[in-house]
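What follows is a set of structures for review.
Presented sequentially are two complexes of chain A, the first with chain B as partner and the second with chain C.
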Partner chain A sequence: MTVTLTAPAVAPPAAAGPRRRRRTLSPTLLAFVLVPLLVETFWVFWPAIQGVYLSFTSWDGVSPATVVGVGNYVELLGDPTFGRALLDTVLWLVLFGGLSALGGLGMALLLLKDRRGVGFYRAALFTPVVFSLVATALIWQAIYQPDGLVNTILGALGLDSWQHSWLADANTSLYAVIVPALWRQIGYIMVLYLAGLKGIDPTLYEAATVDGANKWQQFTRITLPQLSSVNSVVLSVIIIDSLRSFDVVWALTRGGPYHSSELLSTYMYSTAFQSLRLGYASALAVVIFVLAFGVILTYLVRAFRDADA
Partner chain B sequence: MSRRPLRTGGYHLVAGGISILWLLPILLVIVTSLRSFDDVAANGVGGLPHSFTLGNFAQAWVDGGEFQAMVNSLIVTIPAVIITLALGAISAFALSRYDLPLRRTVLLVMLAGNLLPPQILLVPVSKMAEMLGIYDTLAALIGVQIGFGLGFYTFVLYGFMRAIPNEIQQAAVIDGASPTQIFWRIILPLTRPALASLAALAFTWVFNDLLWSITVIRTDSKMPITSALLGLQGQYVSQWNVIAAGSVIAAIPTVAVFLRFQRHFVAGLALGAVK
Partner chain C sequence: MTTTGFSRRNFLAGLGAVGAATALGGCVTSTGSSASGGSATGPVTVQSNLSAPAAKAAMQALIDAFNKKGGAQASLNTVASETFRTQLPTYLTSSNPPDVMTWYAGSVARSYADKGLLLDVSDVWTGVTGYSDALKQLSTDNGKQIFIPINYYFWGCFYRKSNFAKWGVQEPTTWAEFLQVCETIKSKGVTPIGLGADNSTPWVASGWFDYLNIRINGANYHRELLAGQHSFTDPQVHKVFDQWKTALPYFDPKGTALSFQDATTNLLQGRTGLMLIGTFLLDTTPKEDVDDISFFRFPVIDPSVPVAEEAPTDGFFASSRTKRVQPTKDFLKYLTTVEAQEAYLKASSGSSLPANPAAKDAGTALITKGKDMLNKAADLTQFFNRDSSDALQPTADTALIKFIQHPEQIDSILTEWQTNAKKIWAS
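And then the complex of A and B:
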């Protein structure tokens, strides 16, 4: 009590010195902010503006770009591959995102309490996070081979009829690509949820137990509401990661066969650097940006609120 | 009383089972990397091993060009991580410890840059690199990795530096310390745990990147390890023993960083979650 009372009385004179100092913009501090800002402007903001501009042009990268207005966007509307990539991206978001959130939360709940062996279990789930998605993809490519682990196990179980060329079949390729992506993402989401769960005040559970709440009630009435801020982080991470997902698909199928595992990101890359339709690819990139925009904005608003908290 | 050991046993069965399932692909790639081609061809990638050889590693390392790729990756990753963290630290310092005009706006604009989907930058960045004459060089890759990562590191370090009590700084101000001295002698040492976490994370991110490297690098001998690994996949089609050895080699540096800085690493990932 005395501390809170005396603090304001002492603070003003002490703060006056540094505050006056702070008002004068020292060139060093200005440089501290401006140099990084310029670096980011050069490599990120300026290219981003150019990217939007290029989306209104037709350009092969060699001859000068010609402005075609919204032509690229009109073409997108009638492009079946774009439709497929958009649909797959939504599917990816729901399946990859949904399952990694559920799996991550489930694993975090399972591995929350400190008990013997839990460190090992957490590390096991977390290990794939440090692998590159390309190495991950190659591991799974071997697993999906006709003579790979999946078919070997199916054969051993007597399910020979289920054996399959998983990545080469247009019906299964997308799902076959999601599995390795999940294998890696679940460990990451688990870490986020573990951090969130550890931050919940244990007395809440004690009080609930005294009131006779069962485990399920405790989960829905305490755990989930308390996790709301982590949930929103996880949601942002999932949406942004889904729209960015590229490596694992590119390494496994390059979007094929017949665009069956095509995401917006892989379609954008191949349109730009293989078909060399740089204007059209930029329009695809703008679509990805527009889809991400809502999330980016929500994330920033939250960050803005937290920045001084 | 009698149900406790049963429940504990059940827990370890479930958690242990999942862990083994999770580690199985890693085990498989290690085993495959140690098998001979004839063995894999005869018994399948999913079959039980009948041979043991270390030759696949030599093949991936020398013939597959992974040695050069590893050197390239380190040439990109180490400077990129150091420079990004240095730039992130100075901007976070100025923004968090001083009442600069528009400081929150600047911070959020920088964070926004990191949240942008990289796809919108790919074409312009590759063309910019061409104009600057650094297309197909590691310098272009270092540059874009710094620019793209900067916002996130600034944001995380800002949060961390903001939490340092003001009294510590005021004492130094009264003693006449300049901002540079305060940064170097007081704030930076106190920020070390966050810097360690971010360095471990940044290392794996930059090292594992594929998209930027296949966008700005064309020549095989300049490829970093992830894109070289894709090359290996094309060069050694269905020679799973060599591809597996290549994947193991590519994973060693990040796994080493993870094992060495495990706690920092996990803490780094969780940094954004709890706020």
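And then the complex of A and C:
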């Protein structure tokens, strides 16, 4: 209030009107800032802070929580299932992330040129993106059944010894789960790359052809550097999608059999809602948050520095 | 003014109210004991996890019949069973809980009662006649009744009569005879023992553990083990798995890749010989096949151990925080009547037995045989998760599926099981 009262005295009378208006925040504007902040605080920040608090407690969801200090984190260090889940998550990041980037780029290059029917193939590859991952998982569950499509085809090819209970075998479950996730992700990444490739100036290739550059040289010297901005988008999409992967794994294997396809996200969910150890699950959630935040933050900082340079 | 009914100001005020409401409800960790909110009038809310179409229709029929009587009214809210299971602690600790909830009798109900979350329904029980002492005991915690059972079912080794006749095998009663039957079925080119314990229904494997343990070590040891009074690394538990190993070669090698529904189909189509399962397999059995289905009692292993059977009991409990105590009790009282239980069984697939002995069951040969088996049993158990807790079930799933796939690793499996179970018992 003092500001608005003293303002006219200091400023020349003519300027008083506009200056006063500038100094007083309109209540509508204030509401637009404060109300979302309030909502955000109670729906996002408060639960997040409470999650961190819970990670220092032992809580079954019914009795009052008891504080156990860093007990949950100490337990994490010696928990073989956590180790397995961490390793699987890294594996998932490398395989799912790597293959979807390579596959997406490959498909985009393949389907870049406007030939007859290319639109059909583009649409076909993009179709899985439209389905929810849970629906995708249900389809693949049928495909992986002991009497499902995969085993039937292997049998028809005379490869009976390759037939497998894909999802029930601890050696294959994780890889079997990655395939449907990839099946969907490749179409998505392809669309991002297609957009990037379309944006490259064709005269660059014409000049390169005149200079006698072959296809490989054109790809490494023109295409890849021109795609750098798309690459950073793709990389962030892949990292975020990998770390939040949950639905397809949960729908297909629930992390089993005996934790062989366990990701950090599925382990957190089953610890919280099946074993009802919400304190320990919160500690897992904090670890996932730190990992995701760490990876994304280091990456983004680097990406922005590169962009500024 | 009518045109500005939804003004920006109203919208903002609404947002603010939502934020404030969240602030009030945001304390997830608070488990205050005083009930606030909730109205003393209005219908009794019944939260049900019976989401299968037949069971849901049966519940609705029950509620409609109750409402038609006049007096207290009830309304049904059906929740998908997986959601229900994970949300149940939240329902019970909420300040405005559903009045009545479906759940299981025994240890799982008592664990909530011990925390003061369940309504004392002893006076509902006082007027009830004819219920067995065992059922009453199962519904009792610290001398007070906290649960109203409405039906129960049984587990057994189910098979097709026509197939057993074709293969020339009889119902076995001892373990040696059981293995002999498996051997004969195998010689006919059929997988003897079906199992449906994939990632969606891994708990089916616990039926084998339960039965082997109650046949070898007895029902009391079994319950004590599940309550944490013994270790899974005990030699007694090891004996259970040694016994299991003798039957393992007859198990369907794809058993851990199938849901129990798929495994039921295999049994019905004669690809497997028999299956240890509950009567709920009838829910997915085509009508024309039902008469061909029979079962035999899980074989006796040690004749000196009193024979116990698994008879999981389903029913209802009420929240101690309900504001509609009398209407809730009226509704629960109605559930114990012959009329209500017969109405429910008629609308469902009829595969369970009514808790009220005066109520008529489906009357089929199979149900009569099952009832007879339970009446002869020296003791009744519920099921792994009901005799222990839902939280312990995942530890069993991990251990048992690993055992079925890698029986040679049994020592490390039991050690790991004990480690995981200890964390559950400690929390």
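As a convention for this text, the second predicted complex is superposed on the first by the 254 of 309 C-alpha atoms of A that agree within 3 Å, B and C clash if a C-alpha of one lies under 4 Å from a C-alpha of the other, contacts with A are read in each partner's own complex, and residues count from 1 in each chain.
The definition used in the following text is that a contact is a pair of C-beta atoms (placed from the backbone, for glycine too) under 8 Å apart; a residue touches a chain by one contact, two chains touch by 3 or more.
This structure is a prediction, so every number in the text was calculated from the model and none was measured.
In the overlay built on the shared chain, the residue A:Leu54 is in contact with chain B and with chain C. By the touch criterion defined above, A:Ala135 lies against chain B but remains apart from chain C after alignment on the C-alpha atoms of chain A. Between chain B and chain C, it is B that contacts the larger number of residues in chain A.
After overlaying the two complexes on the shared chain, residue contacts for A:Phe42 are found with chain B and with chain C alike.
When the two complexes are overlaid on their common chain A, residue A:Thr28 makes contact with chain B and with chain C alike. By the touch criterion defined above, A:Leu125 lies against chain B but remains apart from chain C after alignment on the C-alpha atoms of chain A. In the superposition on chain A, A:Tyr73 contacts neither chain B nor chain C. When the two structures are aligned on the shared chain, A:Tyr258 is found in touch with chain C, with no touch to chain B. Legend: residue contacts after superposition of the two complexes on their common chain; A:Tyr205 is shown touching neither chain B nor chain C. Chain A residues 28, 32, 35-36, 39, 42-43, 46-47, 50, 54, 61, 145, 273 lie at the interface with chain B in one structure and with chain C in the other.
Taken in their complex, chain A has these residues touching chain B: 14-15, 17-19, 21-23, 25-26, 28-30, 32-33, 35-37, 39-40, 42-48, 50-52, 54, 61, 107, 110-111, 115, 117-118, 120-121, 123-135, 138-143, 145, 147-153, 183, 187-188, 191-196, 199, 229-230, 233-234, 240, 243-244, 246-247, 250-251, 264-265, 268-269, 272-273, 278, 281-282, 284-286, 288-289, 292, 295-296, 299-300, 303-304, 306-309. Every residue of chain A that touches chain C in the complex is listed here, in rising order: 28, 31-32, 35-36, 38-39, 41-43, 46-47, 50, 53-54, 58-65, 75, 80, 145-146, 165-170, 252-254, 256-259, 270, 273-277, 279-280. On the side of chain B, the complex with chain A involves touching residues 11-12, 14-16, 18-20, 22-26, 28-29, 32, 44-47, 87-88, 90-91, 93-95, 98-100, 103-104, 106-128, 143-144, 146-148, 150-151, 154-155, 158-159, 162, 166, 169-170, 173-174, 178-180, 183, 204, 207-208, 210-211, 214-215, 225-227, 229-230, 233, 238, 240, 243-244, 246-247, 250-251, 254-255, 257-258, 262, 265-266, 269-270, 272-275.
On the side of chain C, the complex with chain A involves touching residues 8, 12, 15-16, 18-20, 22-23, 26, 28-29, 31, 86, 89-90, 92-93, 112, 115, 117, 198-200, 202, 253-254, 256-258, 262, 389-391, 393-395, 397-399, 401-402, 405, 416, 423-424, 426-427.
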